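Encoded as structure tokens, here's the structure I'll be asking about.
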Amino acid sequence: MSRLSLIALCAAIALVAPARAELQAEQLSVETLPEKLPAHWVWVNDVAFFNMADGRAYLIDADNGRFVGMVSGGYGHGSLGLDPRGDRFVVPATFYSRGSRGDRTDVLTLYETKNLTPGTEIIIPAKKFSGIPFVGNSTLTDDGRFALIYNFTPEQSVTVANLDKGAVVGEFQTPGCGLIYPVGPRRFMMQCGDGSMQLALMDAEGKVTPGGVSKPLWTQEDLATEKAVRVGESRWMFFTYNSQVFIVDGAGKEPRVVDQWSLVGPNPDGWRVGGLQPSAYHTAQGRLYVLMHQGGPETRKDPGKQVWVFDLRTRKKIQQIDLETTATSIAVSQDAKPLLYATEFGVPTLNIYDAASGKKLRAVDQLGQTLTVIQPAPVQPAAMGR
Amino acid sequence: MSRLSLIALCAAIALVAPARAELQAEQLSVETLPEKLPAHWVWVNDVAFFNMADGRAYLIDADNGRFVGMVSGGYGHGSLGLDPRGDRFVVPATFYSRGSRGDRTDVLTLYETKNLTPGTEIIIPAKKFSGIPFVGNSTLTDDGRFALIYNFTPEQSVTVANLDKGAVVGEFQTPGCGLIYPVGPRRFMMQCGDGSMQLALMDAEGKVTPGGVSKPLWTQEDLATEKAVRVGESRWMFFTYNSQVFIVDGAGKEPRVVDQWSLVGPNPDGWRVGGLQPSAYHTAQGRLYVLMHQGGPETRKDPGKQVWVFDLRTRKKIQQIDLETTATSIAVSQDAKPLLYATEFGVPTLNIYDAASGKKLRAVDQLGQTLTVIQPAPVQPAAMGR
Amino acid sequence: MTRLDRIAEILARQAARAISRRSILGRLGALASAASLPALPVARASAQAAKAPPGETGDPASCDYWRYCAIDGFLCSCCGGSVSSCPPGTEPSPITWVGTCRNPADGKDYVISYNDCCGKAACGRCICNRNEGDTPVYQPQGANDINWCLGTQSGIVYNCSTAVVLGAAG
Amino acid sequence: MTRLDRIAEILARQAARAISRRSILGRLGALASAASLPALPVARASAQAAKAPPGETGDPASCDYWRYCAIDGFLCSCCGGSVSSCPPGTEPSPITWVGTCRNPADGKDYVISYNDCCGKAACGRCICNRNEGDTPVYQPQGANDINWCLGTQSGIVYNCSTAVVLGAAG
């Protein structure tokens, strides 16, 4: 190659040299990004359900609808682990040596926001949960130091990796419980098969020991789903099939329900929370956004066209946003002029609304095939309050 | 796992035991297929252009439109190497250790028709041509013993692998020439950048030595495309941008044009051959099928809605099939009651016509995203005649 | 009831059936007697389009077919398999999720096992998602949002889903 | 003219420009002086939607933009790049195919280099295939049916295509 390339190079230079009145020869470059995610940038997951080996996430500037860039994921691509500072993130991924078969490798790859280039890799046990992505599948600790990965083989466990050391801390068995809901820098909650929740406590090195277990918090007749939303540093809100809400606090010895009521009141008329990511919470404003539709309990994953907005302090519905098109996932930006994001599984479009007015601002189209998790620029969990 | 699985198994057996008047408990099985491809079965390539790591090919029974099965390919999945006997085939594939990055592995995988299960692997030089699939990218020798893979890095070469030994024979440089057009059990032709063609000769072990080079066969002003069709054991037909046809014979010392004329005559009125796989040939009937549309030379890849059928001995157009929808690829089955297959890049449907009457028989929908090469059950090249 | 017992119960219900002999036998090791298990059958691919088995009505290639009341994925009936067979070259998952569906032909409820077929990429045909009785993923035995290509030799890559009758419910 | 010379000519035309310094330098080894090559520039992602550069008309996010007369693929202008920049985290291909397109703003023909951006999977936006002057793949220098993610560090995985002005034609 070397002789040919040299000829090629010389020819290229000769070709470019004459600069007349015409358009000038251009220099090809590579774009870079801000050090930290701006408040109105948002990641959108495309699990690529029809081509699951080619999952990815798209980064959108919601202020102008610009597609800023993307990262490629692995088989059954799930949520990104966004560092709360917004400057780096982790892509947990599963790969097969022959695409759809062969040897399996599960790996965490660290990326910097400013260049979206794959950096450090951490090989983890090849047990990562595979399925429809949820918020509880994997995450980072609130200080961004550790990655937490839910495993299902169908044995249940959690892998912890130290991102700064680039090494796995360990795999910790969590029999009967799964999913990961952080409630502080070194603790998280899990949901258990009998309707209870369990705490998991991490030491400074990231080692996990089991914490307290609650009594069953919900009944088999009206289970809470795994589509929860964080509403405080130590608090998550869960929704049952019948749209009861439970706020569970994980700051104490064991998970504890600190509030419980019905979103739809005594006469729900079939109204129900539904979708893949059916709720969002604006921390500073204390507002809860819930995606609603009418249907039976078997419709809990169905799309909705209304977003009900609640003031979490008063539990009152203070606003209703009528989406222009149905959605299965919603999210809100965390700044003072929040945007509401909405996508529907199977529709390659991100819709962007003004959260205050409910007015649709713009849409970004041609986004792959099957959008699931929406991840706005993160907020510091310390800013969440209790 | 063992204790849990044993419990699970016992429970399962208990559950299945009572057989009453209701539906009986069923046994889950795995389908198998005939030893050899029936004449009306056809493979359809989906390069999955929007998710290129997840290419695949679908196997369809065209007599009833049944989706029979599929194979997963690699990045930029191309043609299958179908053994002329129809009992086995090769999937040439490129894989990356991290899906879209990491270490590249190019590998041939042998499959049997009867079970579509991946068998022997042959690792080949990681240089396989990547791009839109064409008939000339890779193939098997006429006796099915060797696989021939066109490499482009952009240096040009051909990899030969011995399928029965499961081993690479070698990589052979073919500077200035590329693509592979078999013209006998141990020889193939290549197209060269200056419009000439070159022979390549294989010995009994599969080693390749350069053969004779023709003079330029077509001009820069009206190049032949790489979308050729085999019309005899040693003969291929090439089409220029302006729908001149050249039949090139590779039986002699060097490739030789044995016939040349225009498909569209002196007053073409813009009619032109076009598409990704714009021609097909029925060996026993001596009929050529060409996909036609109207447009300028820059439309040579555009879809067509007419198939012109020619008797190759007389060069006369003997039939015109008006497709119900546009197509970019066509093929015909090789039996006495041939079917005409038609697909369009970006439309996930295989359309099946009676080749004799031109009547549309049926369509098979939901076939991935971007269909390219159509591969009917193969015909023994020895049956092709000269 | 200890947590381990709960998992055992869950897995018992989800495993439900010895499908992939080598996989389950591999796990059981010397504990289980192979003689008690029927051989894994193979079936010729039908030349016909999907038809309801005897005693049933409806189209197994349609999402509203009765057995699919809790399914999520691509119907094997459209992918080279059937309601009770995997496409050629795929491997059935030995463990899975179950649902309970009512057969309109006899008015009875049946336990249906939605075994995934694995080892080839998504078939992509006849996508179907119904959630009657579907549970959250922390109750795996009834959860259809999980990729159930687990415990296979070929790995977790998902091709399509079957809907096998295990027996009458209750 | 020997065949080797023909290839050299072909490659000369297709390479056309020193884009990925480390890649081309890696091949040239000690033969080339790095000092003569400009550093690979980086550009801040524009917050605006795609706009035509000065001296041009049209929308670089639209397939009918003049520079795309022989392009085939996803437009980088829709993928986080621009007509002359790759999206963040992708790597420009150092060799590529070229076309000759007429700029409607000045009526002049320009040589356009359609460098691919590589190392992430297909962007999937603004697919565009135009074939003015496109050649068969056995004349690679002008062939847009080839995946041109060749000679990169990151591999052949294709993300999107640029359309860089090299200079006036002829």
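Read from first to last, the chains carry the letters A, B, C and D; within each, the first residue is number 1.
Everything below uses one rule, namely that a residue touches a chain if its C-beta (ideal position, glycine included) is under 8 Å from a C-beta of that chain, and two chains touch if they have at least 3 such contacts.
This structure is a prediction, so every number in the text was calculated from the model and none was measured.
Colleague: Measuring between Cα centroids, which chain is at the maximum distance from subunit B?
Modeller: So the farthest one, by centre of C-alpha atoms, is A.
Colleague: Once you count every C-beta pair in contact for both, which comes out on top, A-C or A-D?
Modeller: A-D
Colleague: Could you state the distance in Å from the CA-based centre of subunit B to that of subunit D?
Modeller: 29
Colleague: Quick one: subunit B and subunit C, Cα centre-to-centre, how many Å?
Modeller: About 34 Å separates the centre of subunit B from that of subunit C.
Colleague: What residues in subunit A touch two or more of the other chains?
Modeller: Residues 1, 50-54, 72, 75, 99-102, 118, 368.
Colleague: On subunit D, where are the residues touching two or more other chains?
Modeller: If we look for residues of subunit D contacting two or more partner chains, we find 7, 11, 14, 95, 120-122, 124, 157.
Colleague: Applying the document's contact rule, which stretches of subunit A touch subunit C when the two form their complex?
Modeller: Checking each residue of subunit A against subunit C gives 49-53, 75-76, 94, 96, 99-102, 104, 129-132, 134, 152-154, 156, 175-179, 190-194, 223-226, 298-301.
Colleague: Going by the contact rule set out above, which residues of subunit D touch subunit A in the complex?
Modeller: Result: residues 7-8, 11-19, 24, 27-29, 31-32, 38, 40-49, 53, 55-56, 78-82, 84-92, 95, 103, 106, 108, 110-111, 113, 115, 117, 120-126, 157, 159, 162, 164-168 of subunit D touch subunit A.
Colleague: Per the contact definition, I'd like the list of subunit C residues that touch subunit A in the complex.
Modeller: 3-4, 6-7, 10-11, 14, 95, 119-122, 124, 127, 129-140, 145-147, 149-151, 154-158
Colleague: For the complex, which residues does subunit A have touching subunit B?
Modeller: Listed in rising order, the residues are 1, 48, 50-54, 72-75, 93, 95, 97-102, 105, 107, 109, 118, 155, 368-369.
Colleague: Taking the complex as given, what residues does subunit B use to touch subunit C?
Modeller: Listed in rising order, the residues of subunit B that touch subunit C are 1-13, 15-16, 18-20, 22-33, 54, 56, 59, 61, 63-72, 111, 114-118, 366-368.
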